[in-house]
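In what comes next, chain A is part of two complexes: it sits with chain B in the first one and with chain C in the second one.
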Partner chain A sequence: MVRSVPSRIALYVAALIISIYSAFPIYWMVVSSTRAPQSLLRETSLVPGPFTLEYYSNLLELTDYPSQLLNSVIVAFSVVAITMVFSVMIAYAVTRQRIRGKKLIVGAMLYAYMFPPLLLAIPIYTIFTKIGLGDTLLSLIVAHLTLTLPLGVWFLWGFFKNMPFELEEAAMVDGCTRLGAFLRIVLPLSLPGLITVAIFSFLLSWTDYTFALIMIGSDANKTVPVGLASMIGSFDLRWGEIMAGSTLIALPLFGAFALLSQYFIQGMSAGAVKG
Partner chain B sequence: MAQVRLSQVRKMYGATMAVHGVDLVIEDGELVVFLGPSGCGKSTTLRMIAGLEAISSGSVEIGTRDVTKLEPKDRNIAMVFQNYALYPHKTIRENLAFGLRMRKMSAPEINQRVNSAAEMLGLTPLLGRKPGQLSGGQMQRVALGRALVREPEVFLLDEPLSNLDAKLRVKMREEIARLQKKVGTSMVYVTHDQVEAMTLADRIVIMQSGHVQQVGAPLEVYDRPANLFVAGFIGSPEMNLIDGRAEGGKFRFNDLSLSLPQGVRADGTPLTFGIRPEHITIGDGPNSQIFRVGVVEQLGAQTLCVGDVGGCQVRVMMDRTDTVSSGTEMTVSFPPQRIHIFAAETGERLGDHTGSEEAEPPRTSKRALETSEEETR
Partner chain C sequence: MSSKATFMSFLVIGLLITLTLIAAPVTYAITLSFYSLDSFVGDPEWVGLGNYAKVLASSEFWNALKNGLIYAFATIFLQVVLGIGMALVLNQVFFGRNVVRGLSILPYLLPTVVMVLVFKWMVDGSIGVITAGVEWLGLPPIYWFESPLAAMLSVIMVSVWLWTPFVTTAFLAAMQTVPGSLYEAAKVDGTNAVQRFFHITLPMLKPVLTVIILLRAVWMFNKFDVIWLLTGGGPVGSTEHLAILAYTTAFSQFDIGAGAAIATISFLILSLAVFIYFFFFPLDAE
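== the complex of A and B ==
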């Protein structure tokens, strides 16, 4: 499409404003987390500095942050792994097998989204304490799966549905088993979908506050978002440490998006919209 | 290379039967075409040979092996799908090599086979591309190449040309015929296009609603259609079919009275009388009648007139005639040896006359027919 010069300028200006609007808080977070304490609250300058790593070392040496980070990593990676395996299997089964009422199955999985997380979290918490799993990382993982699994199944369902079955048949004629055809043809072709599901479930689990707040009571089992929040007000308000902690939470997300954004965009446009 | 033998092969989808007990032997090196209207069970039958569809009852043998219960990968067949089914994430070279790699063939041999197949199909310059960068005709060639490199016992093709435009279709058809003759492997080819069937086949299997209606060489089914369905399905334009009854050795309908071919004895029974538009002759002769022209279609080499004979609508195909127009009357005749008679109730053919001017139904003169079939399109 060819645009006239004024409309192109308008487009760039709009894009610039949107980018600044969404990127500024991130910039401010990173800058504040490295600004020396004496200037942090007094000199609100856009330029970074004076530079310090004090908050980071405080956070990692004097607080529970490292063990909370480890908790977060365990929970998020378990959620991603379990979501991937099960949503691939369920989505493939409902697309390729003739199952009675499969529309209903997929639909029912999405019902979980009709309720706010809090509404689900409280009964889940009650059940877990009854069976002796209260205040464990496992309970948090299961709670996160109630959100990530339906999303993954629904998303991959759209992906597999759009993939002609003839491709697998061709592979089977060419010498693959059913499983081989799936692993060699379907999975590589679904890579954008798989990556999108992985990022989404990581994001959901990594940044979750509601479930973690309800399911976890002890300091030892807290994940970073809850741990960080409990710093506010528990002694004095340590803005520098909070900014440093937030930066550390956001860092892996930046990394993942930077590496995988092209698949992510492909996945978003191929699976969900057309599916 | 091998014979393929289907014995009482059936397919049930729930309670409905999609394929009713097919018995068929495909000889080594033979090209058999499954022909029939959409939904008649051609693909299902082919897919049962491939192993992609479970066989409800009956058996399939390839060579001396009973493959009824084998997986597709163990049947040593290669298949070409209607929408090509090329692996989109692999290059053309990888697409061709995939089946060989799955069979643990050595790299030099894979290379050698892929290169020679690519050479044969003119794909060499495309080997590095992905399927998304090819035209329909090129993808079709790759699909053929993928079957070819495998050197299977049987080729199975399911409407391989239906996604191509008319011109390319004719070209690819010739290419498939050439390749099949060259490699000499048995082939089963599914199509709903009778021209494809007539031009390619050693034998045609005509199917309708899951039943095999007739099996025969192209000219055999053209000359001696076994029943009304085949008579109406084979030939373009369609055969003229008139419902009437036999009386005193004659076929009667309204004012029409035509002599029955030798050997057809049926008095008082309802009959269907058939003659192909191209077999009605202009001028006096046996069974001559007055033909009043209604609509004239100029096809170039020939002229097709739709009109009326004794109260029945009849199509007559004649050599190009510029002078006919709506309302023209002419004398036409129905040569007895060209007449087909069917029992109206069962649809079965009556009598054993050949239906052609040749003494014996010829099996080899396929080429002659191909040209006339082309012209009538």
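== the complex of A and C ==
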């Protein structure tokens, strides 16, 4: 398309504004996390430096951050694994079999996806406290599954619906069982959908604050978001360490995005993501 | 194993898990709202609609409902307007477009806690970069968390920043599906860009926009973490909405029945809103 010079300039200015608007807080977080203490709390300069890694070493050596990171990893990976297994099973059965109330199941999933978090958090916390499993990573995993399972079923339902039946039927004509056709044909072909569900389940669990705040009480079981938030309430505000901890928890997400951006965009376009 | 048995075992196992995880807690929450209990291990006492009567008679409830609606409407409006605006820019052809598209998604990936902490650092009274910017512009200092208006503005700003990429990305993806020939034909007819946006892009994308607005509205109404972390509902309840009121009632005042009642009421309001929305904007039948 041929454009006039003023409209080209306006386009680049708009693109620049979008870039700065989107990236500046992140830039500022990383810059602050590496700025030496004497200037961090004294001057506000947009240019990075003087450079230091002392906040990162403080954070990893002197605080509970490493164990919180481990908790976050355990919870997020368990949530992703469980979500994948069960959402695939439900979504596949619902798309491939004539079942009465099929629409009801899918509709209920979409509806469940809209529940107020406290409508789930209050009873789950009460139940786990009553059976003596309050304040455990298990209770947090269960709470996160209430978000990720409807997401997985809804998204994979859309995915399986558009996958031709003929492939499985051909495999079954050739002597494969239904389960065999599912494992050998359907699962490999639905890999892109599975990756998308895995990414967004991970994102939900890894970034969750609300459920972690309610389910977890002890320092030993805190995940990173709750641990970081409690640093701001503490007696002396250690901004360098807080920014370093924020950078460390955001970095894996940016890394994953750089590698798998097409799946992120696919999921967001399908409205599959909560937030 | 027969085909049917495979399906049925899949379905039964999957649905049992889902029912246990979601339907059971919700049922339990609604049951709890009819009881009075002041600790999580104590014995509940039946009070019927007592909790509801108490909640609906309190001024905190109506204040929280009002704040929640202001917050939800303001954030949705800004997200949709900004998101569509950005999508229109990112849909143009220019050098470095993929980089800018990537950058525009980044806020969405950031954990809420991180963005809240970065915002608090940026508005720090003595050294924050926004504080310095405000001073450089010659404006009076803004006390972000002390004035009710500024506190509401801060939760709205942070929320819009975090979740606009959802609208941008979904709208941008949907725009690719509008056939280019429509625009060419409209151009031949001598329309300008604004007319093409309102007469082609918007009508073609109405179904997508319907879903986006519904999902965003539901999630903004339910949003707990941003407000809790930024203001805790303060100052003096000026940013307290239903989710925060339910949380503080159940977990700070240990009035668990009333907390469950507030959660149930917000669930009913939400269901009603979703129902009305679908009445006016039905989803395309598949």
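The rule is short, and it goes like this: the second predicted complex is superposed on the first by the 245 of 275 C-alpha atoms of A that agree within 3 Å, B and C clash if a C-alpha of one lies under 4 Å from a C-alpha of the other, contacts with A are read in each partner's own complex, and residues count from 1 in each chain.
In the analysis below, a residue touches a chain if its C-beta (ideal position, glycine included) is under 8 Å from a C-beta of that chain, and two chains touch if they have at least 3 such contacts.
No experiment lies behind these values; they were computed from the predicted model shown.
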Next on the checklist: With the two structures overlaid on chain A, would chain B and chain C clash, or do they fit side by side?
Outcome noted: fit
Checklist entry - Can A:188 be said to touch chain B (first), chain C (second), both, or neither? => result first
Item to check | Touched partner set for A:207, first chain B, second chain C, both or neither | outcome: second
Checklist entry - More residues of chain A are touched by which partner: chain B or chain C? => result C
Next on the checklist: Tell me the contact category for A:253 with respect to chain B and chain C: first, second, both or neither.
Outcome noted: second
Checklist entry - In the superposed arrangement, which partner chain does A:164 touch: chain B (first), chain C (second), both, or neither? => result first
Checklist entry - Is A:55 contacted by the first partner chain B, the second partner chain C, both or neither? => result neither
Checklist entry - With the two structures laid over each other on chain A, which partner does A:177 touch: chain B (first), chain C (second), both, or neither? => result both
Checklist entry - Does chain B (first) or chain C (second) touch A:94, or do both, or does neither? => result second
Checklist entry - After lining up the shared chain so the two structures overlap, which partner does A:127 touch, if you call chain B first and chain C second: first, second, both or neither? => result second
Next on the checklist: Which partner chains sit in contact with A:265 here, chain B, chain C, both or neither? Use first/second/both/neither.
Outcome noted: second
Checklist entry - Quick one: smallest Cα-Cα gap between chain B and chain C in the superposed arrangement, Å? => result 9
Checklist entry - Common interface residues of chain A with chain B and chain C? => result 172, 177
Next on the checklist: Quick check on the complex: what are the chain B residues that touch chain A?
Outcome noted: 50-52, 71-73, 77-79, 81-83, 85-89, 98-99, 102-103, 146, 150
Item to check | Contact set on chain A toward chain B in their complex | outcome: 164, 166-167, 169-177, 180, 185, 188-189
Item to check | Touch list for chain A against partner chain C, complex | outcome: 1, 8, 11-12, 14-15, 18-19, 21-23, 25-26, 28-29, 32, 40-44, 46, 86-87, 89-90, 92-94, 96-97, 99, 105, 109, 111-112, 114-120, 122-127, 129-130, 134, 142, 145-146, 149-150, 153, 172, 177-179, 182, 203, 206-207, 209-210, 213-214, 225-226, 228-229, 232, 239, 242-243, 246, 249-250, 253-254, 257-258, 261, 264-265, 268-269, 271, 273-275
Checklist outcome for this item: Interface with chain A, chain C side, in the complex: residues 1-4, 6-8, 10-11, 13-15, 17-18, 21-22, 24-26, 28-29, 32, 40-41, 86, 89-90, 92-94, 96-97, 99-100, 102-122, 124, 126-129, 131-132, 161-163, 165-166, 169-170, 172-174, 211-212, 215, 218-219, 221-222, 224-225, 228-229, 242-243, 246-247, 250-251, 256, 259-260, 262-264, 266-267, 270, 274
